[in-house]
Amino acid sequence: MKKIFERIVEGFLFLSSTVTTITVLLIILFLFREGTGLFGKSPTEEGFTVAVNKNNPVSELNAEQVKNIFDANIENWKQVGGKNDSILVFRMDDIFKFYTEEELAGVDTNMTLLASKIDEVIQKNPNIIAFISSKNLPANPSSKIITIAKINLSDFFRGEEWFPTSQPVAEFGIYPLIMGTLWVSFLAILIALPFGLAMAIYMAEIAAPGVRNILKPLIELLSGIPSVVYGFFGLIVIVPLLQKTFDLPVGETGLAGSIVLAIMALPTIITVAEDSIRNTPVSVKEASLALGASHWQTIWRIMIPYASSGITAAVILGIGRAIGETMAVLMVTGNAAVIPHTILQPMRTIPATIAAELGESAKGGMHYQALFALGCILFIITLVVNLTVEMISKKRKQNR
Amino acid sequence: MIEAKNLNLYYGAFHALKDINLKVAEKSVTALIGPSGCGKSTFLRTFNRMNDLIPGVKIEGDIIVDDENIYQKGIDVDRLRKRVGMVFQKPNPFAKSIFENVAYGMRVNGISNEKVIKEAVEQSLKQSALWDEVKDSLKKSAYALSGGQQQRLCIARALAVEPTILLMDEPASALDPISTAKIEELIHELKKKYTILIVTHNMQQAARVSDFTAFFYMGSLIEYDLTKTIFTNPAKQQTQNYVTGRFG
Amino acid sequence: MIEAKNLNLYYGAFHALKDINLKVAEKSVTALIGPSGCGKSTFLRTFNRMNDLIPGVKIEGDIIVDDENIYQKGIDVDRLRKRVGMVFQKPNPFAKSIFENVAYGMRVNGISNEKVIKEAVEQSLKQSALWDEVKDSLKKSAYALSGGQQQRLCIARALAVEPTILLMDEPASALDPISTAKIEELIHELKKKYTILIVTHNMQQAARVSDFTAFFYMGSLIEYDLTKTIFTNPAKQQTQNYVTGRFG
Amino acid sequence: MTHLEEELKELKQQVTKMFVLVHSQLEKSYLSLQNLDKDIAHEILMTEKRVNALELKIDLDCENYLALYNPVAVDLRYVLAVLKINSNLERIGDIAEGIARFVIDSSTTFSNELIMHTHTNQMFDVSLKMIQDAEDAFINEDTSLARIVFKQDVILDNININANNNIINFIKNNPDDLEQCLHILSTIRKLERVGDQAKNIAEEIIFYIEAKVIKHSRKL
Amino acid sequence: MTHLEEELKELKQQVTKMFVLVHSQLEKSYLSLQNLDKDIAHEILMTEKRVNALELKIDLDCENYLALYNPVAVDLRYVLAVLKINSNLERIGDIAEGIARFVIDSSTTFSNELIMHTHTNQMFDVSLKMIQDAEDAFINEDTSLARIVFKQDVILDNININANNNIINFIKNNPDDLEQCLHILSTIRKLERVGDQAKNIAEEIIFYIEAKVIKHSRKL
Amino acid sequence: MNHSIIKKITQAIAFNIFRIMSVILVAILFSILAFIVYRGASYITWDFITKMPEEGMTKGGIFPAIVGTLSLVAGSMIVAFPLGVCSGIYINEYAPENGFKRFIKLMTNNLAGVPSIVFGLFGMSLFVNTLKFGDSIIAGSLTLGLLALPVIIRVTEEALKSIDKTYREASYALGATKLQTIVKVVLPMSMPNILTGLILSIGRVSGETAPILFTVAAYFLPKLPTSIFDQVMALPYHLYVLSTSGTNMEESRGMAYGTALVLIIIVLILNLIANIIRHFLMKKIKHK
């Protein structure tokens, strides 16, 4: 009886313990299902196609070329491997340039008529490129459908443009987002680390116990404050300050993000580093002092090496956190999806992108999927960071 | 010459050492014994001012080491500690190689000539009877050694800075009997060159290793005499009760 | 009657106990001595199957407790452990009141009559010579006691479930000499009612408290005899070397 | 009382028993000598085995005590003292036995006159008294009583020193009692040893209680 | 060699010294008796002080060793054996002194004939040999040599048993030598004790090496 | 120059650098707190806490956001606490020492490191869309619960691990079963640590924005929820909205300060409770 009850409880506990595993698997399932849906799709909006005159030798274009053509950055077919001829861009609305309202009367009721008219236009203009609804394309040989290169991983990572909602083709190049994320995160750690370590050493070894007893809870309190509050503070104080100091057009810059992130990371770094330093056994510290080493030599040559693996793990975890941090960054970096050249310009990070755009993207659409793909990247980064930390701490255990 | 004169020590309001007067004989082993909390460790740590690290400690009276009152103003504590080596209860090597553990004391004291360091390391390891066991693995982590070896490494580390006095706070209490016997043997060798003070909970150990024994009780030095005398014919009833196990 | 018959124990591939045969005398104290890692603790823990908790342990041979092979199939391990009390190296009272610590064993074994429990608690505390010191503070946390008192509380806790055998794994090694003396005194009292097995690193302690002594070395039982004999005239040279400190 | 103290008490009881036994042996040897009572003499020989056994037992107990409890200070001195007291008592036992053997060997009764003349009777009385005092000093840890033992030894020494002359005188008057005289001389020599041994015992008692070694030294 | 073993070795050297000293004392007492050499006798008395001092020293060393190193097993038996060997040697020293005193007290030389007749010379030889053997047995931890010591004691015992008769015979023939005779008788009695003491020493050697108690038992 | 003087000078320089850096840092960190407290203090009134927002969130209070956050915290803890503690117990007490245990621990660690926005994505995808909870308290609570889960598991595990194995053995040795041992001995001893962890994770949950962005949070909803399938406002999201996308950002600034301060106060109170538990309960449990 007792035994059976124990077994049941154990089974129940076992089930609980599998919840995290299941959650991770579900995260992988849902994120990657949506995220990978993006790849292999044509970047044009569903139900639309790009067509040219059937005599046009060009039959394939990639997303960037299409975008440049429609943005009038490319104006001659020669530039995309065609004849030397200027490009005539045709969008649905442009039909009115070719036909009067009367000629198109009844368009709304008679789709075939509109289609034939469009076809006519395409037929008439050998240099035309048309972005039209697939429904408006009659099955006739006068127009040629351009094959647009499908979205692939390389374009995704190396693409320098992030225009998830542009027409006729959306662009999903996340390179600027990655760069933005890295710039902001690494600068944040660069700022936080020296200050954090200095403060940790100060608190652990130099400060009088009274001072430490005041500082310690203060730091703990700061580490618990929500990121929106830091973001809010950044927005209200740091952003205007930077704008004024560097005489910038906007204060929302990568630097602002880094500073806010650094402030957020500091309490964690201080706490972990201080704990690691204080975990050096008193007798080891005393042994060094007893050999005539000064207090500073003891800290520098004995206690910090002793704590180093703990500190390293903390720093790596800190980077992971910074990369994943969303709200504070979203609020202060300005969110421009461009490849950064200077830290003093607006930037956009991966998590901020998701947070800012998910609300506006249509569920199941390409944009939506692209955001999930970003989520996948974040997830993978996290995984790598965690495995690294795991390895470091395992090594540390071996050495003790 | 080491001597405590009218030494009083307070942890805040707690009077931990009461008017201690004791002259330690040179090149001999002096054991400090007494029940838990009687102040043995506290007393030991006054000789290298290790108590300075504890907040709220107040010390009155003199400790004379080599004709110098180490509690007077202007004493260079780091230099003092170089002269007074210390070995702790649990083996506590640094997270460095065996070699670097022993070399550490010299490096922090400004010796940078590698040849000198190398010789001193070998010398110290030989003195602590560890050389033969580690001479082929000096580059290995000190943590790879057994507990008893680690403790001898800690002794070598203390010897490398050429102290004249060695303080040992229960140096064998964390070790098994065989390692303990080795450490005791080592202490017996070392007293030819060093003045050794050792705190031990193990009365038999005090009897075996020391030439003189000081019995502490409740912060006072009750009796201080030849170890032989303490264990065959102590002058004070309290001491007799303690060594014969009739205490408390 | 307790007996080990052709006992072999493996930790994975490591052969930790080698063909041990030993009959423990009832109502007496048997000490297990030997160098670190020789298997004393492992052997002790076979008697209440505490080794079952360690993954990868394989046991061959028989352990007979009260005419029953405790390693045979169908043995109720919880019941066995009730008959075999255990005391550990460090005092480890539960985070409960003094009373509840002693009552714990009864409660988990289904006794709920408060009067019975109360009497048994008093009885056990008296047996472990702690009653007079704690009778007015039974409701206080066990952590308010000193180390030595805590250890006696742990002994009382073990006695409360009315075992016939007491296993003690270095029960005094974390205590100061005065507390140690009290525990030894207690062991001497307890052997009138219980069969006691005690592991100790302290040879003098083994000599003082035990009637029989078993000397282990590298997983083998080298010699088992009256303690008097082991310490005045052991049969094996290895034993003699160990007890006279000429080992290793 | 602790376990350790119990062991010491137990040891003390054994030693006391040894005192009593040896005292009675010597007393009996006196009796048998006076009356040439060979029965008592044989009884002494039988009892001597018990004395020997008890000596071995006490020795073994001391060895065990040293091995198991490693006593120090007063406890160690006590055990060492017991070891020596024990062996001295055994030697007194031997002497009683030796006297009994003279009685058995002797073909004639010992003349009362000879015994009086050589003060052998007085020697018996003094040595018995010394043993008794040593016993009391031991039981009560009374060093002043132990010191009284020394004083009495002077009497024995004097008798012993004069023994040769006394015997010679006696032989001259009673040349036939030569054998008797030689036996009495041996007995006197033996009783002198008893005095020494009682003195040794007293020394050991003082040693263990006061930690003073007074053996071979005049200061008390 | 460990510290502990060094201490034991040191102790052994002391005891060996004691052996040598006591052996030489007895040898000298033989010499002084043979030649009625009162100078040697006085020398013996002087040296006896050194014997006593050495006895105290060894006793103290043993006490210290027990207090400081709490030996067990063979080490403990060794120290206990040393304690007893030491006291037996001292008693032999005492005997040598006693004989020297007879020499000093004696008004006449001891007649060679008496010495031969009572086998006193043989007793001296045997007891000196026994001491020597015991010493060698102790130094070399040789129990078979120790056992040889027992055998020799039989010779002394026989001489001792016949001593009374021998003396009586001798007195009957030389009634003037009475004083001498009594001295020789006392000497014989003393030498018999030397034999016993050498035997005790041999017993202790066997005890510490083999852990066998053979005192008071016939089995060797 | 004498080496011991060099030693002293080096030490003095190093220590003073650290002192100065620490003073700067503390000044900065403290000024953040001070700034928000100073600006926000005047807005914290009874009305602010108990009233609905009014006039495009430029007036009135934040009552619905407070209620929303409380319900989310409660909901998430109902999910995460029992699951987390049970899971921690299983991992530390029951799981056999093999690959399986390492795998579970690895997964837990990974989950702990997953950024909160990814939880938001996941929560939206699973609870809002697939399970069709819509934007609702239950979707938000579950998302937040999963976020807190690894933290609680880890805290529980650490708390259990810190208890010496001899306590368990002592209990077994008295004939207790495994479950009795865990429930009566191990858990009571580790409870203060578990509770402290729980409270700190409440702090974390109540301040999270990203996970509720797409699973529950409402931009403006001046009424209280009536069921777990309702949307709610939440404090952190409210602050975000007020400070970045309010219609009337300048005028709602005061509300933002107030909201920020409320968030800080919540954290402060939770920290206080955690410290009290640590202090008083631990004292009972801790060995001297």
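Each chain carries a letter (A, B, C, D, E and F) given by its place in the written order, and its residues are counted from 1.
In the analysis below, a residue touches a chain if its C-beta (ideal position, glycine included) is under 8 Å from a C-beta of that chain, and two chains touch if they have at least 3 such contacts.
From a predicted model like this one, the values you see are computed outputs, not experimental measurements.
Engineer: If each step moves to a chain the current one touches, what is the fewest number of steps from chain E to chain F?
Structural biologist: Steps on the shortest route: 2.
Engineer: Which chains lie in contact with each of chain B and chain F?
Structural biologist: A, C
Engineer: By mean C-alpha position, what chain is farthest away from chain C?
Structural biologist: A
Engineer: Taking each chain's centre as the mean of its CA atoms, which one is farthest from the centre of chain D?
Structural biologist: A
Engineer: Counting C-beta pairs in contact, which two chains come out on top?
Structural biologist: Summing C-beta contacts for every pairing gives the maximum at A-F.
Engineer: Cα superposition of chain B onto chain C: how big is the rotation, rounded to the nearest 5°?
Structural biologist: 180
Engineer: At the chain D/chain E interface, shared numbers over all numbers used: above half (same) or below half (different)?
Structural biologist: Same, since over half the interface numbering is common to both chains.
Engineer: So, what's the distance in Å between the C-alpha centres of chain B and chain A?
Structural biologist: Taking the average C-alpha coordinate of chain A and of chain B, the gap between them is 60 Å.
Engineer: Suppose each chain is reduced to the average of its Cα coordinates; what separation in Å results between chain A and chain E?
Structural biologist: Roughly 104 Å separates the two chain centres.
Engineer: Taking each chain's centre as the mean position of its Cα atoms, how many Å separate chain B from chain D?
Structural biologist: Whole-Å distance between the two chain centres: 53.
Engineer: Can you work out the whole-Å distance between the CA centroids of chain B and chain E?
Structural biologist: 49
Engineer: Would you mind listing the residues of chain E that make contact with two or more other chains?
Structural biologist: 2, 4, 63, 67, 70, 72-73, 76-77
Engineer: Do you know which chain C residues sit against two or more other chains?
Structural biologist: 181, 203-204, 207, 231-232, 245 - these are the residues of chain C that touch more than one other chain.
Engineer: Could you list the positions in chain A whose residues touch two or more of the other chains?
Structural biologist: 294, 297
Engineer: Please list each pair of chains that are touching.
Structural biologist: Touching chain pairs, listed by label, come out as A-B, A-F, B-C, B-D, B-E, B-F, C-D, C-E, C-F, D-E.
Engineer: Residues of chain E touching chain B in their complex?
Structural biologist: That would be residues 2-4, 63-64, 67-70 of chain E.
Engineer: In the complex formed with chain D, which residues of chain E make contact?
Structural biologist: 52-53, 55-56, 59-60, 62-63, 66-67, 70, 72-73, 76-77, 80, 83-84, 87, 164, 167-168, 171-172, 175, 178-179, 182-183, 185-186, 189, 213, 215-216
Engineer: Touching residues of chain B toward chain E in the complex: what are they?
Structural biologist: 181, 184-185, 188, 204, 207-208, 227-228, 231-232
Engineer: Chain F touches which residues of chain A in the complex?
Structural biologist: Touch residues, chain A against chain F: 2, 5-6, 9-10, 12-14, 16-21, 23-24, 26-27, 30-31, 34, 194-195, 198-199, 201-203, 206-207, 215, 217-222, 224-233, 235-237, 263, 266-267, 294-297, 300, 317, 320-321, 323-327, 330-331, 351, 354-355, 358-359, 363, 371-372, 375, 378-379, 382-383, 385-386, 390.
Engineer: So in the complex, which bits of chain D are touching chain B?
Structural biologist: 2, 4-5, 70-77, 211
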